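To keep things simple, chains are lettered A, B, C, D, E and F as they appear, and every chain counts its residues starting from 1.
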Amino acid sequence: MSVTPFRLPVIPALKRQSYLSLYKRGVRDDGRSIRSPRQVEIKVGVLDKAEGSALVKLGNTQVLAGVKVEVTSPFKDSPNQGVLVVHAENVPLASPIFEPGPPDENAIELARVIDRSLREVKAVDLGSLVIRPGEKVWNVWVDIYVLDHDGNLFDASMLAAMAALMNADLPDYEELETGEISLRRGVGGRKIKVDHMVVTVTTAKVGSYIIVDPNFEEEVISDYRLVLAFDEKLRIVGAQKTGSGGMKLEELQEAIKVSKEAAQIYFKVLEQARGGS
Amino acid sequence: MSVTPFRLPVIPALKRQSYLSLYKRGVRDDGRSIRSPRQVEIKVGVLDKAEGSALVKLGNTQVLAGVKVEVTSPFKDSPNQGVLVVHAENVPLASPIFEPGPPDENAIELARVIDRSLREVKAVDLGSLVIRPGEKVWNVWVDIYVLDHDGNLFDASMLAAMAALMNADLPDYEELETGEISLRRGVGGRKIKVDHMVVTVTTAKVGSYIIVDPNFEEEVISDYRLVLAFDEKLRIVGAQKTGSGGMKLEELQEAIKVSKEAAQIYFKVLEQARGGS
Amino acid sequence: MSVTPFRLPVIPALKRQSYLSLYKRGVRDDGRSIRSPRQVEIKVGVLDKAEGSALVKLGNTQVLAGVKVEVTSPFKDSPNQGVLVVHAENVPLASPIFEPGPPDENAIELARVIDRSLREVKAVDLGSLVIRPGEKVWNVWVDIYVLDHDGNLFDASMLAAMAALMNADLPDYEELETGEISLRRGVGGRKIKVDHMVVTVTTAKVGSYIIVDPNFEEEVISDYRLVLAFDEKLRIVGAQKTGSGGMKLEELQEAIKVSKEAAQIYFKVLEQARGGS
Amino acid sequence: MKAKVGIDERGLRHDGRRPDEMRPVSMKVGVLANASGSALVEFGKTKVLAAVYGPREPQQRFMVLPEKAILRVRYHMAPFSTTERKSPAPSRREVELSKVIREALEDVVITSEYPRTVIDVFVEVLQADGGTRAAGITAASLALADAGLPMKALVASVAVGKIAGALVLDVDEAEDSVGEADMPVAAAPDLGLITLFQLNGVLTEEEVQRGLSMALRAIEQLVAMEKTVLKQSYEVVEE
Amino acid sequence: MKAKVGIDERGLRHDGRRPDEMRPVSMKVGVLANASGSALVEFGKTKVLAAVYGPREPQQRFMVLPEKAILRVRYHMAPFSTTERKSPAPSRREVELSKVIREALEDVVITSEYPRTVIDVFVEVLQADGGTRAAGITAASLALADAGLPMKALVASVAVGKIAGALVLDVDEAEDSVGEADMPVAAAPDLGLITLFQLNGVLTEEEVQRGLSMALRAIEQLVAMEKTVLKQSYEVVEE
Amino acid sequence: MKAKVGIDERGLRHDGRRPDEMRPVSMKVGVLANASGSALVEFGKTKVLAAVYGPREPQQRFMVLPEKAILRVRYHMAPFSTTERKSPAPSRREVELSKVIREALEDVVITSEYPRTVIDVFVEVLQADGGTRAAGITAASLALADAGLPMKALVASVAVGKIAGALVLDVDEAEDSVGEADMPVAAAPDLGLITLFQLNGVLTEEEVQRGLSMALRAIEQLVAMEKTVLKQSYEVVEE
């Protein structure tokens, strides 16, 4: 069951008004423009036990992504492809609105939007994840771990997932006589083959404004958010309206325009994270 | 834990009284006799994706049954038999008293009573469901889906299960070199071999009366219900008292008598549903 | 989530005071000394269907342990060892504070402390539980079933587990042509090889006293309990402080001393249970 | 070698019983210290323990009825009670049996004396050799009485089976596995009421009637035995 | 042999449809007796049933808002609705779809009229042949109206896909499995609002705009059809 | 090639440490913006994050005590924290560790100041290389202090192990896998109290005493370090 959120904090009308007055002047409470994302910082290779990892700070939002690999059997209908799984957890230490327990609809939506975006642009070359066709392939787990939630988990998580994948190693392995694969974890193998980059840009509709990269309070007072995924050529490779407000056609057009600009900023930061740790 | 039902609707005493006055004259609020089931209607083949399906209307009660088949390994102690599984869900759209979630004790009891009835009369020839003895057999799923609950889910579900099985196809298949079985769903294979028919007849004890095929309100005011399963020869092939009231020996005798009559009505409708869609 | 217990019964201050006055004189409300465990009684072989079983009464506390065996595959990293699993359930009939449902943190802690104690002293010779190295080994389940909870479940459960294992049979079996193992349950095979005995002794800190084998009320008014595991040579082979009170170094020293004495009593009772049923 | 499971030339069953003979029955009450009431019942090798807690306040406040106590029943099998270890998670069978056992007991307990409370009945199968629900209902009835709860009558239960064409009382596991029908019955003989009635298998109408009579006669004896056991336990208490 | 799934030389799809043509649509309301409102919607072979219960008191007391009703939506697939049997446990996909469907409906229902209550919308997919969320939203909108709940506007939904480079309306399962993009859209045309918007796949900005127009035109027709069906049902009731 | 895990001829461990030497320890507080208090603690490659929320109202109203705050503690491992990916569902080990960590902290927090509330402590293992519970307790103590909650004393924790017959401080994963005993200890040195004490393995009484002394000395240093880190953070705040 999906239920109307009934435990969100109440943002006082005055606060909302002050946000709107700022937007009128094209700015936000932290000084940035309504079209700019917050400061983005990506650190890759922050964990040793994970085959790949990245910590993304987007303003006060912090998301950690870890890549773990296992050997598995391929799906029957794709014997020559590895398996990519994206999982997200809204860890309760990240926000007073998160509860311990299995992923809720928001965490599941987050993981699925990221998963679809990666899949549609063929970000990871699944064909390169085959050990023995039809028998043994790599299963690549991307675990999104939200550590501090100050809004816009989509963009931060997508960046963390991409950066972690772009810096992830497949460990060396040995084929035993029994056919089993024995991994030598920690011993550097080759990199996971990442062919394409993808970012999402989230805009929010607050009052009559379309703002880029909402913080948590802005999310709460927004009518809806629109998550648009882009590849390096700035093609639209995914979209998700989230939140219950209705969207006008012209709002979508504006959102696409401003999102494309922000996407370029994200790509720049992501490019810097490639290979660097 | 099984818990005394504490959320059932309260039927006003006056309503109960009016039911009883009618029974005294041998009739019900919809005009039928206390010994008659409501109008039964069976439509088979109502779904294309299921290998078999039937929609049963018993008065305002509506139950949909779908048959799906899969290839599986046989149980170790019955290598030459296919597998039959009955599952029932009290879908929350069917009644204000149903809640979303896994099957509760009522849905489980429903499925198990139907399962036992099918099994005892060997309704489905499990021996005919073998593809390769000891290795590959058909797993036949019968999913009971209650759509509208106006009482007597047992009889309606049993009819739906039987009708769906009697009209179910096993798809064509191909044995691959690897030994795997590849199904050609939708391409007509042979029918599932149904050797025997079974129906249940539910009576309810209300006041001092034994009534056949109770509607929902009658169930709520009843002391207990008695579900009797019959095969075509009208042998008793299963029984389940449900509800917490005690039953007298002579009530059982009367219930058997009136149930046999009603069983014949059900068999007639079921016979008409055979082969027809 | 582990949560501060908020449903424990409240023991009146007067009751606590009367316990403490008794301790001052070195005795308990049932007449025993503060350093003595309650009367222990072990009956082995109380169940026929289990491969081994023991009922332990420690005062009013009753714990039943059952041993069941299955054939399984060994873990990859220990192809020449059988598998031992300890599971504990706080069955709701044992105490008003137990609820139906999967094991809670107390039951899990209980099982894990017993499991570790057995494992550390190599109580069961896992190497003797191999049927075909790397392929088929015995899986030995030890199920702890608390029937009546009047305190000190650790010691009672450990005794029950040991006594059940010491009297458990591995059934005869036959290797089928397919390689499968067919068991002849109930037909006496050889005994499970138990090389070492282990007991736990639980002390509780109440007021300024260290008392041995607390009953339930004593547990509730205690600051903490200390579970110490000993092998036959009275070496310390495990420890677990449980409860939230802090422990002083000298308390630990005293606890070790008095626990060693009690351990000898437990070993005596356990020795009597060996082989006898 | 086991005896063939059926009816031999002398008309006796694999364990020497006559068709209408129960296995040795044992009943004990007050076997647990914490429970408000408890009982251990054995039908041959089948051993079932029942405990009653309450009337007490429910943990979830909404789970009450304004005019009577709610009865909660759990039938559960210990992992070591069966030939193959049983997973402790409740099976569909255990869910169904919890329901029919609750319904078999519900109307004999005078729950109207304890509105807005919960009475918990826990039935634990320690060893399963056929007839666990019957032994469980019998144990639960004893435990309810042992708890001092007001009851209209005592309940007991037994199953009738059909083996090699003959009706037999109190089927054990070996018989159940080859049986043609299994008909568990519970009743409160003092009220003349059947409180549980199930049939798994094929019987003629006449067999149903005859089997039921067989079951009801045995249940009368079981209830008589319950009364004796309870009386002895009161006397022990009063001494 | 199935037709190749794509666009043929005549510009038609595998089932003979034009790119901007929907499958045959069927809508029925009031199909269930118990529900406050209900509807059965078919898009070709896709069959979805929706039922509305409420406004009613929530089972859990804390699950309320002081100023409006809470909407609870469950999108669920029947086990027999798919080619391979679907396990009845809710999948991650069903969890996500329940959320976006709720959000697609939330703002058209005037929930402020029923504070401290819950309105339940149950969407059951009986047969899945592509477009189940679109048919589900359409059915839910009808069921809400059939329940007599005050609504700002009706909502309907359809997906636009891209196949062999061309945009096509109301993608079926066969098309979806070979498609390059899938863009489900829901809207309340009378309010000029898009209430659901998702895209799975790669589209240019121009294709997004064109696809959206295609979807919105179809949604207008679906809403017109909803109105007709609802009107007929009122008339039947009034007779 | 890795060094052999044990004690070499110079009396040093596989990573060059002396037996009574901890791995490099790092402590940071205030690392999360949302939490009332937070801390990141590293013992070598082991990285654990702790956050405190509260005192706050419990979601379930019954989960309160009239005279003090309830403490809720979750110890949880991130899926990528271990060599083989860890399933995010809580394991039995995590359930037990949540309990002993709660008990290690419970009595130092002055919960009587916040009756009828809940204080949540979330411990997330980001990288597990041995000693995660010890680092977790240390992080939790810092996070509680960082949250400004009144505390009788600070707590820290470390494990002592036995390897190749010798007692060693702050066992890492490689050592743990070959160790003969593992004895995690937590204490509040300012109170002279041991708040967690576990032993997995075989030790003589003398070894227990000696190991405990080793642990307590290290814990004193850890608590001193906690104080420094907290003081620095207050100063930053006050600037």
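FYI, a contact is a pair of C-beta atoms (placed from the backbone, for glycine too) under 8 Å apart; a residue touches a chain by one contact, two chains touch by 3 or more.
In this text, all values refer to a predicted model and were calculated from it rather than measured experimentally.
Novice: Provide the labels of all chains in contact with chain C and in contact with chain D.
Specialist: none
Novice: Which chain's centre, taken as the mean of its Cα atoms, is farthest from the centre of chain A?
Specialist: With centres defined by C-alpha atoms, farthest from chain A sits D.
Novice: Farthest chain from chain E, going by the mean of C-alpha atoms per chain?
Specialist: C
Novice: Between chain A and chain F, tell me the centre distance in angstrom, where each centre is the average of that chain's C-alpha atoms.
Specialist: 31
Novice: Quick one: report the Å distance separating chain D from chain E, using the average Cα coordinate of each chain.
Specialist: Each chain's C-alpha centroid was found; their separation is 51 Å.
Novice: Taking each chain's centre as its mean C-alpha position, how far apart are chain A and chain E in Å?
Specialist: 27
Novice: Between chain A and chain C, what is the separation of their C-alpha centroids in Å?
Specialist: Centre separation, chain A to chain C: 48 Å.
Novice: I need the residues of chain B touching at least two other chains; which ones are they?
Specialist: 1, 100
Novice: At least two other chains touched by the same residue of chain D: list those residues.
Specialist: Correct list: 59, 74.
Novice: Which word fits the touch map of the chains here: line, ring, star, complete or other?
Specialist: ring
Novice: If the ring is traversed from chain C in the direction of chain D, what sequence of chains comes out?
Specialist: Order around the closed ring, chain C first, chain D second: C, D, B, E, A, F.
Novice: Residues of chain F touching chain A in their complex?
Specialist: Going through chain F, the ones touching chain A are 32-35, 38, 45, 47, 49-51, 53, 56, 59, 74, 76, 78-85, 88-89, 120, 122, 124, 126-129.
Novice: Could you please specify the touching residues of chain C with respect to chain D in the complex?
Specialist: Against chain D, chain C makes touches at 47-50, 53, 60, 62, 64, 66-68, 70, 87, 89, 91-96, 99-100, 102, 141, 143, 145, 147-150, 185.
Novice: Mind listing the chain C positions that touch chain F in their complex?
Specialist: 1-4, 6, 105-106, 108-109, 111-112, 116, 120-121, 224, 226, 231, 235-249, 252-253, 256
Novice: Show me the residue ranges of chain D that touch chain B in the complex, using the header's touch definition.
Specialist: Within the complex, chain D contacts chain B at residues 63-65, 70-74, 92-93, 95-96, 98-103, 106-107, 111, 183, 187-188, 191-205, 208-209, 212, 216.
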